[in-house]
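All chains are identified by letter, namely A, B, C, D and E, in their written order; residue positions are counted from 1 within each chain.
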Amino acid sequence: MTIAKLGYTLLGLFIVWNWGFLMGAIFRKIGARVSGRIGIPFYQPWINFFKSVGVRTTITHGVMYYLGPVFRLTGGIGLLFFMPLIYTGDPNGMWTNFSFEGDLILILYFQLFGMLGMAMGAGEGGHPYSAMGIARGLAQHAAVELPLTLAILSIAIQYDTFSMYKIVEAQQGGFQNWVLFTNPFAAGAIILAMLGAMGHSPFNLVKAPNEILIGPATEYEGTYLGFMQSAGSILHVMEAVLFMNLVFGGATSWPELIVKTFLIYFWSVFVGMVFPRYKIEQSITWFFKVPLVLGVLAIIVFSF
Amino acid sequence: MINKFLGFEPDESKLPSKRAKIGAEIDLSSQKYQKIWLGPNHPGVTGNMAMELWVEGNTVVKAKTHVGYLHRGFEKLIERRLYVQGFPTSIRMCVAEPDTNEYLIATCTEQLSGYDKEVPEMAKWLRMLSLEMARLQGLLRGVPGQGGTFALGLGVQWGVYLRDLILDRFEELTGGRVYHMYIIPGGVRGLLPDGFKARLEDNLKEIDDFIVRIKKLMFHNAVFKKRAIGLGVITPEMVDKYGIVGTTARASGVKRDVRKDDPYLYYDQLDFDPPTDTDGDVYARTWVRWQELIQTVDLLRQIMAKMPEKGDIRANMPNVLHWRIPKGETYVRLESGRGEYGMYYVTDGSDKPRRVNLRGPSYTHGVALLEDMLVGADVADVHALMVSLQTCPPEIER
Amino acid sequence: MNLKDILTPFTAWSRVVKDPVTIKDPLSREGAPRYRGFHDNDVETCIGCGTCEAICENEAIDLVPVEGIETKDGDSGLRPKIDYGRCCWCALCVDICTTNSLRLTNEFKWVDTDPDNFRFIPGVDEKDWYKKEEGWRKPEPNYHFYPQERVKMEELGPEERGDSFIEFVKGYSKEQAQQEADRCVECGICIGTCPAHMGIPEYIKAVRNDDMEEGLKILYETNPLPEICGRICTHKCETVCSVGVNGDPLSIRWLKRYIADQVPAEQYHEILDTKKIYKDDKKVAIIGAGPAGLSAAYYLSLLGHNVTIFEKLDKPGGMMRYGIPEYRLPYDQIDKDVNYILSLGVELKTNTTVDEEMFKKLQKDYDAVFVSTGLHLGRSTRIPGSDHEHVFQSIDLLRKITAGEEIMVPEKIVVIGGGNVAMDITRSLARLQRAKYGKVQIITTSLESEEEMPADREEVVEAREEGATIDPGWGPKEIEIVDGKIKGLHVVKVLSVFDEDHRFNPKFDENQKKFFEGDMIVESIGQAPDLSYIPKEIDEQLERGPRGRYLISEYNQTSVEWLFAGGDIVVGPDVIHGIADGHKAAVGIDNYLNSKK
Amino acid sequence: MNEILDKIKQKYNAEDVTVQRERLAFVTVAKDLAIDAVTWLRDYEGFSHFVMMSCVDWMEEGKFQLLYLLHNPDTKIDIGVKTYIDRENPVMESAHHLWKQIWTYQRELHEAFGIDFPGSPRVDENFVLEGWDDIPHMRREFNTKEYSEKTYFPRPGRKTYDPATYMQEKLYPNQPVTAKRKDNDK
Amino acid sequence: MSEKDMNSKVSEMLARSEANAKNSGKKFVRPEDEEREVVAPDGSIIKVNPIYDYFSGARPEEEKPRNGIVEKFLNWARAESIWVLGFGTGCGSIEIPPLVTPRFDMFRFGVQMRPTPRQSNAFIISGYLSVKTLKRVIRTYEQMPSPKYVLALGSCTINGGMYYDSYSTINRLDHYIPVDVYIAGCMPRPEALLAGFGKLKELIKAGKAEKANEYARNFDWYKANQKKIVKDWNMPDYNW
């Protein structure tokens, strides 16, 4: 059973990886279309990945530098391993992966894990821009984490569980049962925090390509970069899955997952396309203003 | 000191210590500050220049600009070229708006040789047309470019597309896409092609549409406002102190426009009023440029309506191969998209100029003003400040 | 932060439903019709003048020889080769191109891995963009990099000049000369065509710089008779002038005259630095004080040899004095040039006819002899009646006019001939007629049609202005003589003068006839040399060429090593050829004398 | 225009006054009076806009000509205050206290012509060049083409022919060439 | 501490350690950093001091392509995914914005801009290079991972272009870094640039774009050429 489950999880990982690439390409195409361009071919991310893997030179800044992308990938994979992808009605069924009671806390941790990995690698890289980028990244992540955690706690209080599976289960039976409608404050906080977590404008100052040269990843090239791209695509999908599970009722089938993650991700692109980015302190202030208030409200509403 | 004998007391309050240092003294060994370099290999820096920044966290405490990465020694090169040969060379001095250089070097030679009266009327109108088109293409890059500095890339995408359309018109009119080499001493190098006006009008209509869209995208954008308002304020007092010109000065409420102050060509026949603002911050500067975009489109329409259909394009000039200009010196200026753009031209009676010196707005904006303005700014704003001053490095170092 | 500011930017998303504006196939997109792309050159029209090279501020253009293109008069045989490692596509080379052969096509894509490939000869090296019609060409209208029209030379009007023999061309003023000199593009195509290979661009440059001393020095390097040449040279240079391909050619002749006119005769020695010339003991005899003789004398004396000129007539100058009327070439100007040459220590013996005996004596007494006796015998048409006493040779009449002898000037005159000499005699006689009768009745006819007439265009125009009738295209048939008096000339229409092989072979249409009334006929159809003074035994040793002329080496040495020949007797009737011959002969004689030591 | 020129003439012994255009004039002032004249123009005559500072190398006369070009935004008049300094020992009083951008000009002129402005900030720092070891590059005696050929070795293999000499050689192979030769390898 | 003080301190330190090394009789440099003489391809002998001459610390090494179909597949991937470094070195950089914007849109051909040299594999030298920029260009080029490609735009890179007589700009780029593709023009139009990318793709797919290895192989020759003109070899105090 466990072996079969592992198999399904790995298959899920493979699907998510590919879907992440495809989704990235589609969003770049949509963005291009808003600009009036044709945009990249939809298979471009795969080519980019193979090309990156095929780079001959490897530079190193020490062991931690290697581990940066690995940690980031671990963050993504960890999210996938302990989060149900598709609700099947069976808590131990396929596609529920290794979800268990209390996995919500682990997931919150894994969500941060990728950023910590980046921090490690970037710090080891020694480039001032990576240091600057990661400092901003961690600061923003902290600011995002607070309203997000509050909102998740509110949901946990609402359903009285720390199991992702149960939260999804509770939302089944029609969209009126989604947290979006049953707990609008938490949903609001999560939807806004999502903007920060997804790393699009106005909250993409971690990378800021024309300011601090892609930030933490400045020094990464070749295979590391390929790994990072993979990790990024997995993380993006998994974050979308996380928010889908938390707020939008989870998915009961792969098509539903694909549609929902797409739409969730689209939200950050939709905003990011037309807004410039905040400076780091503006960004933090913003998260401490709107989403935090919503998160606190969500807690208050369900605590009392 | 002589002034004292003459009975004039210089205003001492305006005289800081003569041994004043520029910028703060930063002791890097205190470990309080980090030093970072922006550029020259940096996609955000305008052109190819470097900023050496001492930062405390994200705040710049001292800044130094480093130029010279694009130095080609134009002024030296033009000294060993004939007058007519100088003009293709001069264009490259500033890539963003090359026609201004053409106009300056042509007018300087004409004024010194006395041919400025003989430039045909048609040529003058065509010169105006190409200058205004150059301003338009510069603004189409510049106005959304300010949004681009804050990572609002969408406007840049639209703007550069429309700029390309104007470049197509340039290509039709002048035969060149970026380097037009159109305004030659004595006149211009071609009449309007057939159907040019109609095609330009089509483009202008598209630009009209763009002007509205860019307003919605940038000037009614909460985040853009948050970033730009109050950033890099230039007070009216600073304008004279730093030699600030053009839209940058106008955004601070100081109305400086060479087209009005010292009208050249037929600008006195056109109906326009340079836009101004009072805030002097990045938002105001961008806003003034956006208004100027509207105005430029209007000016182009006026020019097209007023210009004659046919006419001579070049005055009867001596053989360019051994054209000599008597000894003299002059300073010619014009209003480029970035402000007063001038050229000091000295001849010594030979067939080559003695000295050519360009006065570009970037020279004053991009070094002294920028360095002072960056102190206390956020690292994230460095790029935005640079673009808001319309720094063009090749014009600083030439 | 108000709600409007948050919501308005989202309107940008409306673009997502519109089609992209991207160019679908950018690689096959054409440049604009005026686009300055890659070069093309029409090698047939190009003359290789090199103005493109001169104006290129990047030194991107080289002139290189091209296989299959011959160097000939008016075409250097060189073609521009462009280095695309230098070019900046300013198209100044196109704008200044004298022949309008260079252009830019609107092709602009050239990608290569080898940087050395970016050099090519437009129009010669195979490139696929030549077929493109569009691209940058010289702009229209009134767009010239050098003035197209020559500066008008001030002349006396026909009324004023028709009365007398005073010089009617006034010469340039300083401003005019500089303005005209300014038009020169300094290509140097003219140098090869000028028989004397004068440094034309350089002396024009001297005019531009107002440096007459320098100009005079350059003139005397190759031509010791600038005053004369500046007036009556046949200016072959102007026919090949690259400025003249589109527009008027430069008036090179008048500029030469301008330089010579500006310098007073007294300053020549100082400027040309000929005050002290070391003389050796070599002696050279020159027979004939025409342009060739004088020129040889000048250069020989500069080389330090002792020169003696023998002249049959009483004044030096030869055909220049006795063949060319004074209104074209005033005698004082001849004297100015000749006197300067004589002042270098050249001995001149006028009124000395060299005959066979004397010639032998010369051979004995002198180290070398230069023969330049010119063409002083007129050719006759040999038509019936041409042996009448009132049928004259123009050359004899001109000599007489110069010598001040009385000649017959009847009321009606017919001149046969279409060359410059015919024009000279026509105009001289017209002046005399006007002086005598107050009106001009002179008809000049020639075999050649108006277009083919060898005379200079302006000569014909001016002759007409002065009242002469020029009626070309008629072949003389017979001179009608009634009662021993000439009544006139019968002519028939000429269909063609030359056959397909460009040989002289006139064809007539006997049905079209005309009759020119006249009391006197002047024949001016060519001249012949009189070489009777050369002894038989020497004459036999001399090799002759196809038309009976002596064969000479490139330094004018005949097959008899001490004998040099030059001027009209070996090359066509032309002052500048004579001068060039004299110069070459001087070099040849010098070489010969040095080798003899 | 004339009024202000008269004043300058009176106060600062200005010579060589040329009115180039209606509203542009150049005056020459002695070296030690130049900065004072500029200060006076700025503080009392309203020439508050500093247009540019420039230097011309009159090598033949052994002088550098410095130019301070001022603009009066009210009357729209430009006045160029010129002064000549010795080429052998080029030192000029610094004017960086008058306008903020002047130190940049002085830094450039220091590098380009070797003129010293004692007291001007950062005047010894490189402006556009790095590791320059030749004479100041804008001086007239510096031959940039020679330097470029010597230093950056252009791509070899180019040869050009002068039409005049080439024609003579081709058409008259055995005669001396009279045209001046311009042939050179590039 | 000012820059001058820093530099003098550094040189002081170097001098001290050198003296120490002399005293102890031991070399203080690693063997690969020792000064040595090498023979350039054209036969000339070049002195090399790795400590001062190499930006990358060690000399670049030739990295052999893999065998057979793997390399072919990778070459295809490299050709279809060209990442261009966003370093506007000359006036050609004015034609880059049209390429990344709607009109010409090079993204559809798999070409995109990257901000950092570590992540780019194509370097557009957009025209003239002043010596000051050349120094940075060499450093940036050496930072880029192999395989890397160089596109040279315009006349200036071929034979000096307009600035053939300038004291500040180099005349031929191939003396300093190897160039894969030259594009004629001044400036080359965006279309010409796209044609250049097309040519580069062909070369990569054919396995002919191995100039990075050529640079490594002829490293000393390139270094010698660079050393001839870059006189002030020390970088400013970049601390990375």
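Assume contacts are C-beta pairs under 8 Å (C-beta built on N, C-alpha and C of every residue); 3 or more make two chains touch, one makes a residue touch a chain.
Since this is a predicted model, take the numbers as computed values, not measurements.
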Clusters that remain linked by touching, chain B excluded: one piece
Reaching chain D from chain A through chains that touch each other, fewest steps: 2
Any chain in contact with chain A as well as chain E: B, C
Pair joined by the larger number of C-beta contacts - B-D, B-E: B-D
Chain at maximum distance from chain D, centres defined as averaged CA atoms: A
Most widely separated chain from chain E, with each centre as the mean of CA atoms: C
Central chain (by mean CA position): B
Where chain A and chain C are represented by their mean Cα positions, the distance between them in whole Å: 89
Whole-Å separation of chain centres (CA-atom averages), chain C against chain D: 47
Where chain A and chain B are represented by their mean Cα positions, the distance between them in whole Å: 44
Whole-Å separation of chain centres (CA-atom averages), chain D against chain E: 36
Shared-contact residues (touching 2 or more other chains) in chain D: 128-130, 137, 142, 144-145, 155
Junction residues of chain C - those touching two or more other chains: 9, 12, 20-22, 31, 57, 59, 83, 85, 88-89, 115
Junction residues of chain E, two or more chains touched: 86, 101-105, 108, 115, 132, 158-160, 162, 164-169, 172, 186, 189, 239
Pairs of chains, among all present, that meet the touch criterion: A-B, A-C, A-E, B-C, B-D, B-E, C-D, C-E, D-E
Residue ranges of chain E in contact with chain B within the complex: 1, 6, 85-91, 93-95, 97-98, 101-104, 113, 115, 117, 128, 130, 132-133, 136, 140, 162-163, 165-169, 186-187, 189, 236-239
Complex contact set, residues of chain A against chain E: 28, 32, 35-41, 44, 47-48, 50-51, 54-59, 126-128, 209-210, 213-214, 217-222, 225
Partner chain C, residues of chain A touching it in the complex: 30, 32-38, 270, 273-275
Complex contacts: residues of chain C adjacent to chain E: 20-23, 26-27, 29, 31, 38, 57-60, 83-89, 108-115, 118
Touching residues on chain B, where the partner in the complex is chain A: 34, 36, 42-44, 58, 147-154, 157-158, 161, 217, 221-224, 226-227, 378-383
